[in-house]
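Following this line, the structures themselves.
Paired with chain B in one complex and with chain C in the other, chain A is shared by the two complexes that follow.
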Partner chain A sequence: MSVTAQSTKSNPFEAERNGLQLRRSIVNKLSIILTGFFAICASLFLIYLIGYIAAKGLQFINANFFTQRPRAPGETGGGWATALQGSAILITLATIIGVPLGMAVGIFLSEVGRGPFASFVRFLVDTLTGIPTIIFGLFAWVLIVVPSHSFSAVSGGVALGIIMIPTVARATEEVLRLVPNDQREASAALGATHSRTIMQVVVPAARSGIVTGVMLALARVAGETAPLLMTAGGTPFFNTNLFHQIDAIPLRIFNFTLSPYQIERDQAFSGALVLIVFVVITSLAVRWATGGFKRRGR
Partner chain B sequence: MQELVASEGQSQAEIAIDIQRLDAWYGPSQALFDVNLSILPLSVSAAIGPSGSGKSTFVRCLNRMHEEVFGARVTGSVVIEGVNIYAPTINPIYVRRHIGMVFQQPNPLPSRSIYENVAIGARINGLAKGRALDELVERRLRQAALWDEVKDRLSGAPTQLSGGQQQRLCIARALALEPHIVLMDEPCSALDPIATLQVEDLIRQLKQHYTIVIVTHNLQQAARVADRTAFFLSGHLVEEEATAEFFSHPKQKETEDFITGRFG
Partner chain C sequence: MEVPVATERNSIQARSRAWLRASLSQIRVQARRPGDFAFRVLLYLFVGIVLVIVLGIGWVLLSSSWPTIQQFGFKYLTNPAFDPIHNTFGVGPALFGTFFTSAFAILLAVPLSVGTAIFLTEFCPRRLRFPLAFLVDTLAAIPSVAIGLWGFLVFAPWLQQTGEPWLQQHLGFLPFFQGTPYGVGMLAAGLILTAMILPIITAISREVMVVVPVSQREAMLALGATRWEVIRYAVLPYGRVGITGGAILGLGRALGETIAVTLVIGNQATPPSASLFQTGYTLSSVIVNQFGEATPGVFLSAVLEAGLLLLLITLLTNILARLLIARMGRVGGGLTA
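Coming up: the complex of A and B.
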């Protein structure tokens, strides 16, 4: 142990009390306090938002809300069953269109496509992700609403389905890339065809990741409003004809918020609450499913 | 087709795999240069050499797995049971269904049960169903010396097995194709010494029924299990001899340098 000339204190682990040390410790504490403060601000904002919606919306959450159709403007009572039914139909249609196409694109990008064409497809998918969703509504409007002279569930489902494609495609591609290559080799060495390897070995190995991607895409389109304005149209009546206009939760929120009647403006918050609960449940289910998978897999 | 006709003149009983003028590429870089080799039936042949010598590429050319890599290609001929597997009319999928392959990392399919991992080999070739399939799976698991360890948990996941057990499961899966030839690409390099010895015992037993080609970076392993040993260097087949002769009296300077540990 040699004592250096500069050291004036006996214990090298004791903090020196000079200006630099003081400044460092203040900056250190300040930055910790600031990050904590902003973290609390952000969570408070979210809690306030959900609390406010719950406070205003809970009063109408009852059996009627889930079973009855909206009353004539100004009347009390009535429910959102039409919007719930409509959203269910629209999401189902979107899933039927978006999931197979999205998965197919994801499988192509991960397992089949190579070279410049695959890069081009990947670029297109990334671009689609960034396009404002109202553009897809416009597309479905031109493609289906204009020729058929009617708003319809089908056009809304098509718009939402196309919105799902890039999300599902990229999620599928990412999780398929995580499947170790030695599983593909194992299958190929047994004489399995490329398509059999993909459908029976690679996709099953990535199943939980694909399900997660699909659920998140579903939660996202469930709240889409803009593309439904010019496709689904919205209606206060029950409708099971896919070629007629149909209601949806976000559409009814939009319409009721602009209503001159106080009761409808208040009911918009109930719809918002149901939508938030749906999204929260979806993401919790995804967490549970993926967490559960990890426990089983390892 | 020329190779196909030419090979029929040779005695098929004496040669299991006849490799002529084999070249292999990964994109623009050549990995194998003019390999000529005859492999005898019901024998163990080892391919040794330093990393990047082409020994793995060589064994992957014997069931056309080399072409699975993007941009890879092969020229020359590999004649198995009188048929050139590189003839233009041959579908590589069918070649692989008749040649078993075992890889460096044990690679059972994790989403399938232990039973299914063996059965998939037989199912792909349409060999058996129902009870006959059960019997086939049991027979192959016994042959891979794994039956006693897994018979009570056939429906369990292969991931719960040890590395050595997983590798023997992969061997059982390869045997379930009912092949005549089994290729092994460094089958023990991910295993501990005890599991390695079990696999080596297994290889010696399997030799009675199968022609085995094994790649190894372990010279002692080649000396222990192989009847004949081939030395690869920079994509060239330097020397191939009966194993005892190979290690005691190597003909080539490079072989001697390698087996005495001067490089590699």
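Coming up: the complex of A and C.
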């Protein structure tokens, strides 16, 4: 692939076509420079963004941040413990709702479903991926928050759980398809029923891939803000009642961004830093794990 | 190959009878293995729940926005006022803002991301490829609220102080740079959307360019083409459909993006113009701004109709994108096989 404009210089008509050759060579170089510039700009933007948020946010990352609840507006100190606790509860609820449903759809699509019904299910799950997450928030809001007249952890968990379904389903389907057919046939030959084959041979063989998909979905919902605005609600207090409003890291970032107090706006960067570190580490781990999985799969 | 109609009907009847018999016997077999049967029932139950949720979202939004649909009809789409005090609702400015910011973002993001993808797949030194691709991919993982935080507290003030006055001074004769620079507005929203959809379009363009058969490139090189000409005349035409699909997928993301855009778009309706400095609304920012005050009745229903519109718009764009990408997959697969 190292053929460039120079290699055509032995052309006997070089003198006549010099202008054209020169132009082609310049266009070629320009395209390399320009596309390289775009790629480097995109990468530098990410580095700048993370760097800026880290520089602003690191000052509040200390023990208080993880153990204290937020102070009254404008007071110094205070931490994000309520938001961390709330996010943990919401993500747990979302996992309880989203993972079994997503895995069931994935198993169905890979092992059981055939024909038009399976295509229909696959189409609907694909459609779920493209819907803006605020729509799921509206859905949970109309069904749970409006009738009960209260924001709640449950409604937030439902909204986030639905968001997890397509990611988990597609990941499950894809890794189950990587499991060699020999294993299914071997299991059947030993007299195992279809359900035993799936649950005790196929799914365990694809376990690491499924875990990867779940982690990816977790990382995705951990940063969701819009659906939580209208479901979890946000509160500066600790709360373990699942039917009351609950805090979350993205919600606190959003509220502090719009805060009139400098200290809260600065703390928003700390929250964003924690969130980004969580999301980036998760996706790094996933990337490493999928690399490992694919190598073993082949 | 003429098949008499009667036989055709017979064969359909025969086939359906055979199908019925087969499924009955299947059920009988399954009933003999209760574990298997229970597993199947449970699986279908879960899949059923997911189907109910997906279809339920559409139904809930449609039925709860029905009062506004009935009361305002198509006027809802153009009415500039979203005004609970005078009980008149419309999303004219929001629709305009949604399409304006997304169009701006897509116009900027497509060349940038196709360029990035070209560099990453064709030009990039091997050693740089992995770190650069990783950074671009990671950009997609940054939560929307973090970008919105930076956009609202850092980027918008910078635009107001430096960026927009500079644009006005040097390019002020263009209709895009008229009016007072507020910092927040269409320009800020469009640029932030560009950064958010760039990794998506880049990722899909890269996937598409990788499936272009080596023989195509080699044929072009054998004709004495430069590396750019190989891309311009062999790679890009081959991947056009797929790249278009990726761009539309990015568009769908831009249309539905909520938090980052809500933070930087200003949320103040101005008479629509071509100016990028104007503040405005998008459909999703209307929802975020209004749901808190929404009282049951027409107000609530008007907020939900904004959601319904957003759902319809993003569904259409996504289905279109998926069809294009699927077609590309088939074409690519067919040619390489």
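Going forward, the second predicted complex is superposed on the first by the 258 of 298 C-alpha atoms of A that agree within 3 Å, B and C clash if a C-alpha of one lies under 4 Å from a C-alpha of the other, contacts with A are read in each partner's own complex, and residues count from 1 in each chain.
The definition used in the following text is that contacts are C-beta pairs under 8 Å (C-beta built on N, C-alpha and C of every residue); 3 or more make two chains touch, one makes a residue touch a chain.
Since this is a predicted model, take the numbers as computed values, not measurements.
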Touched partner set for A:R114, first chain B, second chain C, both or neither: first
Broader residue contact with chain A after superposition on the shared chain, chain B or chain C: C
Chain B versus chain C as contact partner of A:A188, first or second or both or neither: first
Partner chain(s) touched by A:T67 [first = chain B, second = chain C, both, neither]: neither
Partner chain(s) touched by A:A205 [first = chain B, second = chain C, both, neither]: first
First (chain B), second (chain C), both or neither touched by A:N241: neither
First (chain B), second (chain C), both or neither touched by A:A219: second
Touched partner set for A:T127, first chain B, second chain C, both or neither: second
Partner chain(s) touched by A:V142 [first = chain B, second = chain C, both, neither]: second
Chain B/chain C common contact set on chain A: 193
Chain A residues touching chain B - in the complex, by the definition given at the top: 114, 180, 182-193, 201, 204-205, 207, 297-298
Residue ranges of chain C in contact with chain A within the complex: 33, 35-36, 38-40, 42-44, 46-47, 49-51, 53-57, 60-61, 64, 111-113, 115-116, 118-120, 123-124, 131-132, 134-136, 138-139, 141-150, 152-154, 195, 198-199, 202, 217, 221, 224, 226-229, 231, 249, 252, 255-259, 263, 284, 287-288, 291, 296, 300, 304, 307, 310-311, 314-315, 317-319, 321-322
Touching residues on chain B, where the partner in the complex is chain A: 63, 65, 68, 70, 93-98, 101, 103, 105, 107-111, 120-121, 124-125, 159, 170, 173-174, 177
Touch list for chain A against partner chain C, complex: 1, 3-5, 8, 24-25, 27-28, 31-32, 34-36, 38-43, 45-47, 49-50, 52-53, 100-101, 104-105, 107-108, 112-113, 121, 124-136, 138-139, 141-143, 146, 162, 165, 169, 193-196, 198-199, 219, 222-226, 229-230, 250, 253-254, 257-258, 265, 268-269, 272, 275-276, 279-280, 283, 287
